[in-house]
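Following are the structures in question.
Each of the next two complexes has subunit A plus one other chain: subunit B in the first, subunit C in the second.
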Partner chain A sequence: MNSMIYKKKTPLLLFLVPAFLFLAAFLFYPFVQNIINTFMKIGGLGRAAEGLNTPWYENYIRLFTDPYMRVAMKNTLVLILCTIVFQVGIALILALLVDGIRVGAQFFRTVYFFPIVISATALGLMFNLIFLYKGGMVNQLLLSLGQLETDVRPNGKVIVYWLDWKDQAHFLFTMLMPVMWQYVGFYFVIIVTGLNNISPDLFEAAALDGADGWNRTRYITLPLLRNVLCTCLVLAITGALKVFDLPWVMFGAGMPENQGWLTGTYMYDQTFNKMNVDYGSTIAVLIVVLGVVLSNISNRVFKPSEDL
Partner chain B sequence: MNRKKRSISQTLTYIALGLWALTTIYPFIWVILNSFRKKGLILTDSFSLPLGDAFTWENYLTAWQRADFKNAYLNSFLISGTVTVVVVVLAGLAAYGLVRYRFPGRSLLYSLVMAGMMFPVFSTIIPVFRMEAMMGIAGTGNRWLSLLAVILPQIAGNLCFAIIILMGFIQSVPIELEESAYLDGCSVLQIYFHIIIPAAKSSFATVAIFAFLWSYNDLFTQSFFLRYPQERAITGLLNEISSQAGVNYGLMASSVVLVVIPVLLVYVLLQKHIVKGLTAGAIKG
Partner chain C sequence: MKRILALILAVLMVFALCACGQAQAPAAEAPAAEAPAAEAPAAEEPAAPAAESVTLNVVTSYGGDDGNRANFEAAVKAYEEATGNKVNDGSATSNEEWKAKVLTDFETGSEPDVLFYFTNADAEPFISSGKVVSIEEIRAEYPDYATNMKDSMMAVASDGKQYAVPSSGYWENMFVNKKVLEDCGVAVPGPDYTWDQFLADCQTIKDAGYTPIACSLFEVPHYWFEFLVMNNGTVENHLDIPASVDDETGAKWVAALNDFKALYDAGFFPENTLTASDAETVEMFNQGEAAFLIDGSWKVGYFTGNAADLNDFAIAYVPGKGERSASEAIGGISMGYFITRKAWDDPAKRAAAVAFVSLLTSDEVLSTFVTTEVTALVNGAKPAGLNPLQQSAADTNANITAIAGAVQDLLTAEARGDLFSNIQNVVTGKMTPEDAVASALALN
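After this line comes the complex of A and B, so read on.
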């Protein structure tokens, strides 16, 4: 990899400086401000700090003792695992399948993208109606299949015990399923792009050597997709830590009974609703630290051949 | 025999793909259908066809009358178009530099980019706003400056993601291509423009799609910087209309349709570039 071409380092400045200037000014500097804020006492949005917290690391202690934070962490870790297994998994399978067909590939590539472009507000409303307690789509379906308990009262009235999809027992599924489903298309597009970058010559050579469909996938496609899949893992982890809009529209602030927090929604709520700006900033720091640690672990595990 | 096996597996493939397609098409159709449904009917009956009495154009007419759409679409395209172009150009260069060069501090820069991807916009927006107000960009009431105030943080916000994605793809461009170009006397910049960009063209298209989409849908940043009527971008405008409408879900559905159509057009246009076989035959011999 350390080719002759790249021994001279001067062009590197041209490559790196513009992008990193932007990042420094509009991302890193604001985030350093955010880190400073975690040690400060801040009365409300946009207000100046009123001095240091006592003790100055107060917010970090709170982070570890806050029971809702523990809830948010637990839910988010579940979300990360599900994201990796289902989102990336389903996207990979769909991408491999679409890669294997001729007719209609364009059609599938277009429609799989639909959920990403529809705004979270609209999707949230739709899923709310699908999972509605009384007469929602899922519950009506279950009722017609005879899966819901019913009672006939003495006066002849039929009582249906509707399933509450947002109660303690079901909320995790109801919250995570739409998020999973929405972003499959995102990883799908990335993996399809990766597949397109694989030279068809390799497949021709493999076909000449008598490799059939599965062997081709196993020994050529998947190894060559490794970089792309690693990228997907990192995106899945960071994405899950930041997930905000769809759960927020569907569940609002921590429903049910403060068991439904995610790191993203909890941070937003603390900053913009509860006006705990400094604590919100602390949660943001935690999100970033977790993200960097987890992505590094996944890169170590899945990318032994690369030196990053 | 072999042929039969093949056609069975083809059929199964289409069934699996078709099932997933149903789940992605259905919500879209649901939104479109409900945008033609009369007020108040969505909560009671949202899963049927809006025929006869239930059908109405009213939602679109209301949405169209309430706002200056032409202006808002223009603002959106100015913002998201600029963001997309700048992100693709800068991220391409940076990703190439990070992938191909070995230099001290390289893994530090990589970690910074990775961390940057995780910064929640909620935590960076207030410092950015203060900074831009100090520079005289934000909160001036000047339409073009306000658009710029949105564009700058959005570029930074999309750069990290774009760099990470493009790095993954540029890594898989075979370095032999670059070496042979170098032997033919190409400079590094020429290699970048004549070898890397064409070889990773579909990756650039993918990054462009997402940069556009996220910039376009980023209601939060927009609502922070675009406060005057003539500055409104389409997503913010329609969000405002539908939130004023309260429980008028029909109006909301029609707003969603009006927002989504331009993005879908951009996707379909850019997606043409995500085509197969761009490096085909390039490394023969």
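After this line comes the complex of A and C, so read on.
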């Protein structure tokens, strides 16, 4: 009976068409138009193109010669690397630890997932206060521990040499740490779900054979989590390419000294602040190309095992 | 089962179509809400409520936390009560994104009926495409339109016509923290303050453990840029744009950037000036950690609401250098009310739009928007109840001998952004001033 209702495909197609039309209007058409825009000269948002660039591929030349674009690419690749190592790595460790306890597992699941439900803007503002130059939480802590230099002037005024967490020496840590922290919970939940799907019989059998905790993790948990980890890595890599909101709230336009650009923040700045819409479109194309290439590579490198 | 499924699908589809169709409904009713022209109130005197009210779409920069938001709302309410018309207020905070949105609305045919906007080059796209009505054309039908304004102070567009009825203007000058100056034994700068005196004062202030200049070179170097450019030229040639980095004006801009570097190298800006936000450095000044701050008339409202004691602050003068006197400042009237062609051509809205602008720019209403700002009113504004900082600004403005507009307003957004983001590269020696100016000019 159930198989009969799928014999006529027309109703199903009818309901697929609106979604397709929606995507065509709001994804495919803008994407194609965006590629066309990269060859045009557009002096502002909403303004009509003033003709082709000279030469028409001018923006692509600029893309490969723009020093700030190189900075953005370098920072984005560092972000991807950190995402793989720290976001997925920490999430895996936390998931294994939480899976190993009987009491409070649900509590830790909620706690670790919590940052995901807070908006990136709110998190950015919060971390801005934490790393604030004068009187920020971290700097006050360092001051109370005697880790910051102070000086007393002849008039009795005490000078504190606060640590600038956004300067060239520290900005990468200050930018990447909140991003890592925010998404650990997301991968944590995925991995915990994967762990729940592993049959307890396997662990029981291993325990009977004398395997200790490390060996059970090494020879049972990790191999059986391979597919879940592969999914996490692909999501992490493609997600890192799109990171924008939190770094933008904390660092704005390329702070410090134009060394803090990411591909996402640079594209936004060129398009909305500098009104260089055609160049912004070109950066957007690069982000899409990078996303497709990197997700393909990660899919091949971390190919899910068909045996599992 | 198959029939039930087909029925469910059919019902869902009907709901979906209904949902799509309902979005159109209010639009169909909209024209009925707009009154015929004959019943709209007269321009100069908001008349008794019309039989059928008109809904005016108005966009201004009096949105968000603008200091005049409450005054604008009061004026809109007065207009609505006097005329019976409704105002659909689409105001927002003025920034580059807001400017872009307004221009996009004009491009897509969804412009408002009345727009309060910049009167400089930013307005040229919709002026040149004939999307707003000139004051001359409006006066042909409403002879008393904007006659309470000095015509000589109304902005002139590239076609030689005037379009916007000016509102209050702005000034930029130097705020000083008197308490910090007192602690350091430095006098409040007067109208004859020189650059050499300023450098000496900055060193004294720095030695006393305070930051001489509150400024975020990362976020808002433009106030200092304006005055440093004027210090290397004159108030008369301040608005000249270099044709190249090698010409006289280009050399003036290069010298201004060199002054930036000299101040940075001397350690007169905050330690974290390259990573601090404007809010951080302004708060530093407010908390008595810094002595000088260049900002605009709009910042008076901030200190009025946030300073512990307004008597600790004063508006002084930016030190003069070369041919520029400290009594010469940046200022002008940069915004005004436009009536769009769309509203003018709509018989239901023409008189309502004229009445709205007339009320918002009347002597009485404009006086509520003004404390120390310049206006184009023939009779002048009559602000009442000035606080100590506002009084200080009024006293300083009384000694201003000449003003020039901000030269950055004549640059394209891309050139402006490039120039100001490169100032941090110039002060740190990563880029020469010549390269920074050339880079900006190439994008202008």
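Things worth noting here:
We take it that the second predicted complex is superposed on the first by the 259 of 308 C-alpha atoms of A that agree within 3 Å, B and C clash if a C-alpha of one lies under 4 Å from a C-alpha of the other, contacts with A are read in each partner's own complex, and residues count from 1 in each chain.
Please note the rule applied: a contact is a pair of C-beta atoms (placed from the backbone, for glycine too) under 8 Å apart; a residue touches a chain by one contact, two chains touch by 3 or more.
Since the structure is predicted, the reported quantities are computational estimates derived from the model, not experimental observations.
Of the two partner chains placed around the shared chain by superposition, subunit C is the only one that A:Met255 touches, whereas subunit B remains out of contact. Subunit A has more of its residues touched by B than by the other of subunit B and subunit C. Contact with subunit C, but none with subunit B, is seen for A:Asn276 once the two complexes are overlaid on the shared chain.
When the shared chain is aligned, subunit C comes close enough to touch A:Asp167, but subunit B does not.
Using the contact criterion defined above for the overlaid structures, shared-chain residue A:Arg153 touches subunit C, although it does not reach subunit B. In the superposed model, A:Gly43 makes contact with subunit C only, not with subunit B. In the superposition on chain A, contact of A:Pro11 is made with both subunit B and subunit C.
Overlap of the subunit B and subunit C contact sets on subunit A: residues 1, 4-5, 11, 14-15, 18, 45-46, 272. Looking at the complex, you find that subunit B touches subunit A at residues 9-10, 13-14, 16-17, 20-21, 23-25, 27-28, 30-31, 42-43, 46-47, 90-91, 93-94, 96-98, 100-103, 107, 109-120, 122-129, 131, 152-153, 155-157, 159-161, 163-165, 167-169, 171-175, 178-179, 182, 187-189, 191, 199-200, 202-203, 205-206, 209-210, 213, 217, 219, 235, 239, 242, 249, 252-253, 256, 259-260, 263-264, 267-268, 271, 274-284. The residues of subunit A lying in touch with subunit C in their complex are 1, 4-5, 11, 14-15, 18, 43-48, 132-134, 151, 153, 155, 157-159, 161-162, 164, 166-167, 171, 252-258, 269, 272-276.
Across the complex, subunit C meets subunit A through its residues 1-2, 5-6, 9, 13, 16, 96-97, 100-101, 103-108, 125, 183, 207-210, 218-219, 271-272, 274-277, 280, 284, 289, 412-414, 417-418, 421, 424-425, 428, 430. Considering their complex, residues 1-6, 8-9, 11-12, 14-16, 18-20, 22-23, 25-31, 33-34, 45-46, 90, 93-94, 97-98, 100-101, 104, 106-119, 121-123, 125-126, 129, 137, 181, 184-186, 189-190, 192-194, 196-201, 213, 224, 227-228, 230-231, 234-235, 238, 241-242, 244, 264, 267-268, 271-272, 280-281, 284, 287-288, 291-292, 295-296, 306, 308 of subunit A touch subunit B.
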